[in-house]
Amino acid sequence: MARQWGMAIDLDRCTGCEACVVACHAENNISTVGEEQAAIGRAKHWIRVERYYEGEFPDVTVKFMPVLCQQCDAAPCEPVCPTFASYHTSEGLNGQVYNRCIGTRYCANACPYTVRFFNFYNPIWEKPLQLQLNPDVSIRSVGTMEKCMFCVQRIKAGEIQAAAEKHELRDGEIQPACVQSCPTRAMVFGDLSDPESEVSRWAGSSRATKLLGELGTRPKVTYLQRDSWHGSEDA
Amino acid sequence: MVVLGWVLKEKGLPAQRADGSPQAASSDVFTPAHPTIADAIREFFDLRPKPVQPIAYTHKVHLGNGMQCTDCHVGVDQGPDARIPSVNFCMTCHQVIATDKPEIRKLAAYRARGEDIPWQRVYGFEPSAHVKFNHAPHIRAGVDCSVCHGDMRQQTVAERKVDHTMGFCIACHQQKNAPLDCVTCHF
Amino acid sequence: MERRDFLKISAAAGATAALEGCGNPDHQLIRFVPEEDLIPGLATWKPSICTLCPAGCGLSVRVMPGDAEVVRKGQLGLLKMGLAKKLEGNPAHPINRGKLCPRGQAGLQVTYHPDRLKGPLVRTGRRGSGQFREVSWDDAIQQLVSHLSDLQESKSEGRLAFVTAPLRGQRKMIIDTFAASFKRSMAVEFAFFDDSVIRSANAASFGHALPPTVDMGESNYVISFGADFLGTWNSPVAQSLGFGQMRKGRPGERGKFVQFEPRISQTGASADEWIPVEPGAEGMLALSLAHVIIAEKQRPAAAAGHAGSLVEGWSQGLTDFAPEKIAAQIGVKPETIRRIAREAAAHDPAVALIGDAAVAHTNGLFNALAVNALNALLGSVGKPGGVLFGPVPAAKQPAASLESWAAQVNSGAAAVEVLLLYNANPVFAAPAVWGVHAALDKIPFIASFGSFIDETSALADLILPDHSALESWLEDTPVSGSGKVVVSVAPPTMNPLHNTRAMPDVLLEVAHRLGGESAKALPWKTYDEAIQASFAALYKEMGSKTAKDAEEFWKKAQEQGGWWSAEESRVTPVSGSSAGAAVKNSAPRFDGNPSEYPYYFLPFASQLFYDGSLAHLPWMQEAPDPLSTVMWGAWVEINPRTAEKLAIKQGDLVEVASPHGKLEAPALVTPGIAPDVIAMPVGQGHENFTRYATGRGANPISILSSATVEGTGSLAWAATRVTLSSVGQGKLILFGGSLSENPPELKHR
Amino acid sequence: MAAKTPEQINEDLMRPLAGVSASYLIVLACFLTIVIAGFAAFGWQIYHGIGVAGIRRPVFWGFYITNFVFWIGLSHAGTLISAILRLANATWRRPVTRCAEVITVFALSIGAMFPIIHLGRSWLFFWLVPYPSERGIWPNIHSPLLWDFFAISTYLLGSGTFLLLPILPDLALVRDLATGLRKKIYTVLAIGWRGTSRQWHRLETAMHIMAIAVIPVAVSVHSIVSWDFAMAPVPMWHSTIFAPYFVAGAIFSGIAALIIAMAFLRKFLHLEEYLLPIHFENLGKLLLVMSLLWVYFVFAERLTTWYGNERSEMAVFWLTQRGSYSPLFWTMVTCNFLIPFPILAIKKLRTITGTFIASVGVVIGMWLERFLIIVPALSHKYLPYSWGTYRPTWVEITITAATFAAMAVLYMLLSKFIPIISVWELKAGLHEKPHPLRAVAQPDQVGAD
């Protein structure tokens, strides 16, 4: 059976530090859109750290939740695309084929997680900033939708490497940029079809939940809810 | 221009579109947009004139002398791209070999000026194709260079003998049961 | 026609190359012969060091070949060269173990910044006019030498001043040696967020003038007094690793984390319990906790040892600090204090931290000493799960503080002839009242090694741009973040992009040309020689099982990014320099009378801009702030009740006025801040710092008072009071749509 | 009408074709300018990128899709109505049918442009069309956008035919009356219509078949348009009521458009004797019915949402009920019900002016309805952190204005080339006895009184 890439995020570890956000920008050639465009909601962050305040001072709590494409197995974005630009890959990713995208933006509307980002203009990099661009990732042009694919370029490279070295992919051998960078190790990535993989074990946790699971999108990202402190009774 | 570039960035407008003028040599921004509308149209209709190489390099002779493709195109079996040798690399042999030939003189002249040879791309995909082709796996799978590049033994200056359309790739992948998943090549 | 078409097409084909990361090769440009032998499309990972904050994390840099527009022999052309493509943590490095914070990752953009200085500059217009002319390195260095030679022979009464960021290792050694080679010279180190208070406190309590290394991974109970240790404080990546370990790294065990601070920081947001405390009352709170622990016989007072004896009334059990007595002053309920104290005592190992604003009050030193005593009482000093002090010898404290230096210059007490600037931007990062700008105006000749024009280097007469970190030889000796002895080293990861030179090399060159003392003091030709020498010494001193000789030791170190001891050589505290008698409880003093300036003003380190030195990076500008989600700007945090009282709405432009100035920024109404506190991020408000940062937001430092932390020279940057009022419509760019997960719009029937 | 003779009818109805007045040209020029401005705006958008429009995250659809739904809806005026009236043999339909069918064809053509205009890469629109390629990739049949393609093209074809067939005899008539170049042109256009009994018979049969066939097509078109929304899991979109709701709304706006068109024709082409108050009154009754039906649908939709009380849907619900979009919402209710209902319900008010006013209200209201279905839902999807807003730019506004201008231009031009009222059908209505032209065909087959 083909691998089924998945991710698990432990919200008890996440500190909202944004390392994943910057790592994603650096890895995936996501252009900065500038102040004016950001002001009207056109900033592109394939992964974002959602922050929610609850309560009034002084009893305030804050919740951080990194949200990226959930790579749903029943993805609403896929059937609506008239050109198959958005489709399900054999390894369970929500592929986004930039060259097929004609920019109906239907997928972005259908996505309940709002994790799809649109190139309203051609991106620009003021020279020599373009030298930072990652050669393994293509540069999306105007009118196309872009999104997280679990760093598919890293997945492909890893698979090719493993094949060249004639060994099976080891668990954790491939890491998307966000997972790699996370300073608290709040994210793990791996093959959900392998019950022994770390991500499978995390996904089996009692704290495991799916984001908007009630919509039946069958996300492949699992969230481990914030835990509470159990130590007080032995005080 | 810097200022212009910034202003444009702030507006989020692609630079070379600002005044309609094509992206100048000294452009201060990099963008995937086409330098001119003419370019956009050419690419749309996939019009790619024959590249004109600065030096009439002949593959025929070199291969005839028993050289292998990988002697010059290093890295083709390790990574995505094959290296186009630099002028230094050529000169390792042509220091002594055929130094009187006019083309070799050109070569030497480049080296003397401390310039590299501005080879023009023969193959390669348009940016809008978003193809991430990787040579190495194909070599390992035993695909012969000539399948995609024609028989270089018969070519002098490299020409586009094979049309690298998606149909061409797909046909071969189907034949060889290679993956047909879009993200195999497009990402 | 034929030819022109060809050019256009090849430009289009060039765009294909662009997809392979080579930029947009522009075919009117000639191609230079590559200087390195590179295989296209293949990445190599090279070790380097992050220089953006004092933590000193190890980097692993992804280098790939690409086409860069460079100038060679005065001609612009394309060069195929190895280019840094991504910064990740160095997995082998003991401090950050493969991880990296957002700022560190954005460091890549420093190297490729479009406004980086491309060569040496000499001022042409009047000072500050920003008019410069490019000169050759030879002329530039000669100019500096000519200004320095008189000083060296001390013909004139003038002095040499060297203002830098706090430095370590060989860079510091070279600068100090250079300065020392002049008869009259002053070396000044300045950073807005410096750790000198904590250093002095630790010196007094534990005999180590070092910031603590927190072994959080083993802790079961963490109490933080205002320290943003997951964001910017001390060694954030190391501490984040520990935090993750503490929370979920140990099966069946999960430590508790309590944060005391008047405004929810990014760190406080992750706390199991966030408890607001009156600004400056952290010390009293710590002692109150200690009192409960002692009074309830959880620990004997004596357990605190020397650290405890420094606190007045410790041996008597701190009876003045009974929660019920002082709860009002602290602003925390007595029962809460008692509960936390019991929990902490019961959950060994427990550790307490203090930092940021808590030590930036006038009574900051007292607060720090109190927390040290609490730590000692909890028995968490030098123990697993507690605070450790890295074995690195304490760096010698700088000769003068920037404030006193500026005062001396302004008063004419110190006639500074030549000022050298490195990595410091005091005009931006020092309170206006210090008069740094005025002092600089008094100095006849200023040379800066900056890579950018910023508020300070704009005043320079000569700019000698340094390489970016990725282009330089780097060496560092981190003082916190790991129990191991760490000496990082890294060769350049890529060739220089512009006509720049490494600051140490330039200094060596200058010393060489000056001859005399300087030349004697600095015998090395290049910086890497100096580093290699230091490693030879290190090999003798420490030795290493892995290397057979100094040569191999040196090679290995370069390959893995440094040398570090195999075992965690933790230092058990020697009893501190019993500096005088016990310190008294001192209440914080605030500048500005409460009636006129009713609100505490709390600047805080921005998670993305740190102290403002990173505001020029587009990635940092566009990344949403973790809590406010603000992009491309600054903001003022206000409690909803306060906002209501002052009729301020979200996004209004508010004027924040202190006795020392005023600024304007958009209001952000958030529940995570005390009603009598106004908070603002440091970092924006640059007047002159590249296209991305200039004229954006406001700079809170500009309105701070010059109050200092008693017992130290350092700035008490949380000791200012302000008033505020709405002055119109501001521009607040938020990435997050809703503050709450259940906003009123979602309310059901 | 009985007063009129065939000759007078010819005279009156051919008059518009005779020549153009200066005022006509001026008006036409004005509208043309707006249309050109619209195309310029589109060019600007292609040149700079779709970003010049106001769409943003998370509101990825705005004015363009609103216009798309609006115009497709409008297109249900003609063909559907005239087909129903034909089959129902309503005699008063005679002068009405053609201008109705014309609306359909034009509105449909205009509406069909928006799926292309709103694309991020409009130049690749043909990827929506199924055609064989070496890539072996076909459009995704699961995508409602593809259903749109089929539905709209079918409907356009159908209504086009439905419009052209009954024009033939009149083209022939023009041919016979005209001289010179005109004669030549219309000879071609009339494709050899000589009015033989066989031709009449075929025409009748064809019209009957088309009339029957076109109704289900029309219904399917707007159902499918509604599914563009209903198929996406967006709060307030993902609902079963959408198909009938949209169809009703479409016919509603369609009739309104028809009334407006007729009112203008009557005034400017001086057709007072042909487009009689009775026609407006009857259409007014229809409009009244649809207005009531529309209110019923809105009520049903809102009620179920409110009772369902589903977290994310309530956000959108309150947003439109009393939130930032409520002014638009209540304007819509006013325009679609509060204004039309009294006017149309009270016989005294159901005059030409009355129905005209009501219709204008309905057209505005229905445009707002489409906007309110699309934008608020998108701006407040499931995760509050990603909520956003939408503001149109001059580009979208210009293009929107241009579509209305285009409608006017097309109508004005057409009225100069074919008789906007079916001459032969009027004549057929004139007499009990078979018309000389139609010896064989039975009058009642054409629906005589």
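Here the chain labels run A, B, C and D in written order, and each chain numbers its own residues starting at 1.
Everything below uses one rule, namely that contacts are C-beta pairs under 8 Å (C-beta built on N, C-alpha and C of every residue); 3 or more make two chains touch, one makes a residue touch a chain.
None of the values given here were measured: they were computed from a predicted structure.
Asks: Walk from chain A over to chain B along touching chains and report the minimum step count.
Replies: 1
Asks: Which chain lies at the heart of the structure, taking centres as C-alpha averages?
Replies: Here the chain at the core of the arrangement is A.
Asks: Report, in whole Å, the distance between the mean C-alpha point of chain C and the mean C-alpha point of chain D.
Replies: The answer is 66 Å.
Asks: Based only on mean CA positions, could you tell me how far chain A sits from chain D in angstrom?
Replies: Inter-chain centre distance comes to 44 Å.
Asks: Centre to centre, by mean C-alpha position, how many angstrom separate chain B and chain D?
Replies: Chain centroid spacing, chain B to chain D, equals 53 Å.
Asks: Among all residues of chain D, which ones touch two or more of the remaining chains?
Replies: Those would be 48-49, 51, 384-386, 388.
Asks: Residues of chain C that contact two or more other chains, please.
Replies: Correct list: 18-20, 23-24, 41, 114, 691, 736, 738, 740-742.
Asks: I need the residues of chain B touching at least two other chains; which ones are they?
Replies: Those would be 2, 5-6, 12-14, 17, 27-28, 30-32, 127, 130.
Asks: Looking at which chains touch which, would you call it a line, ring, star, complete or other?
Replies: Looks like everything touches everything, fully connected.
Asks: Which of the residues in chain B end up touching chain D in this complex?
Replies: 12-14, 17, 44, 165-167, 170
Asks: Give the list of chain D residues in touch with chain A in this complex.
Replies: Those residues of chain D that touch chain A are 48-51, 54-58, 60-61, 115, 118-121, 124-125, 127-128, 137, 139-140, 142-146, 149, 228, 231-234, 378, 381-386, 388-389, 391.
Asks: Spell out the residues on chain A that touch chain C in their complex, using ranges where they run on.
Replies: 10, 12-19, 21-23, 25-27, 32-35, 38-39, 43, 45, 48-58, 60-64, 126-135, 138-139, 177, 180-186, 227-232, 234-235
Asks: Touching residues of chain A toward chain D in the complex: what are they?
Replies: Those in contact with chain D are residues 37, 40-42, 48, 50-52, 67, 76, 79-84, 100-106, 108-110, 112-114, 117-122, 142-145, 212, 215, 217.
Asks: For chain D, which residues count as touching chain B in their complex?
Replies: 47-49, 51, 123, 134-136
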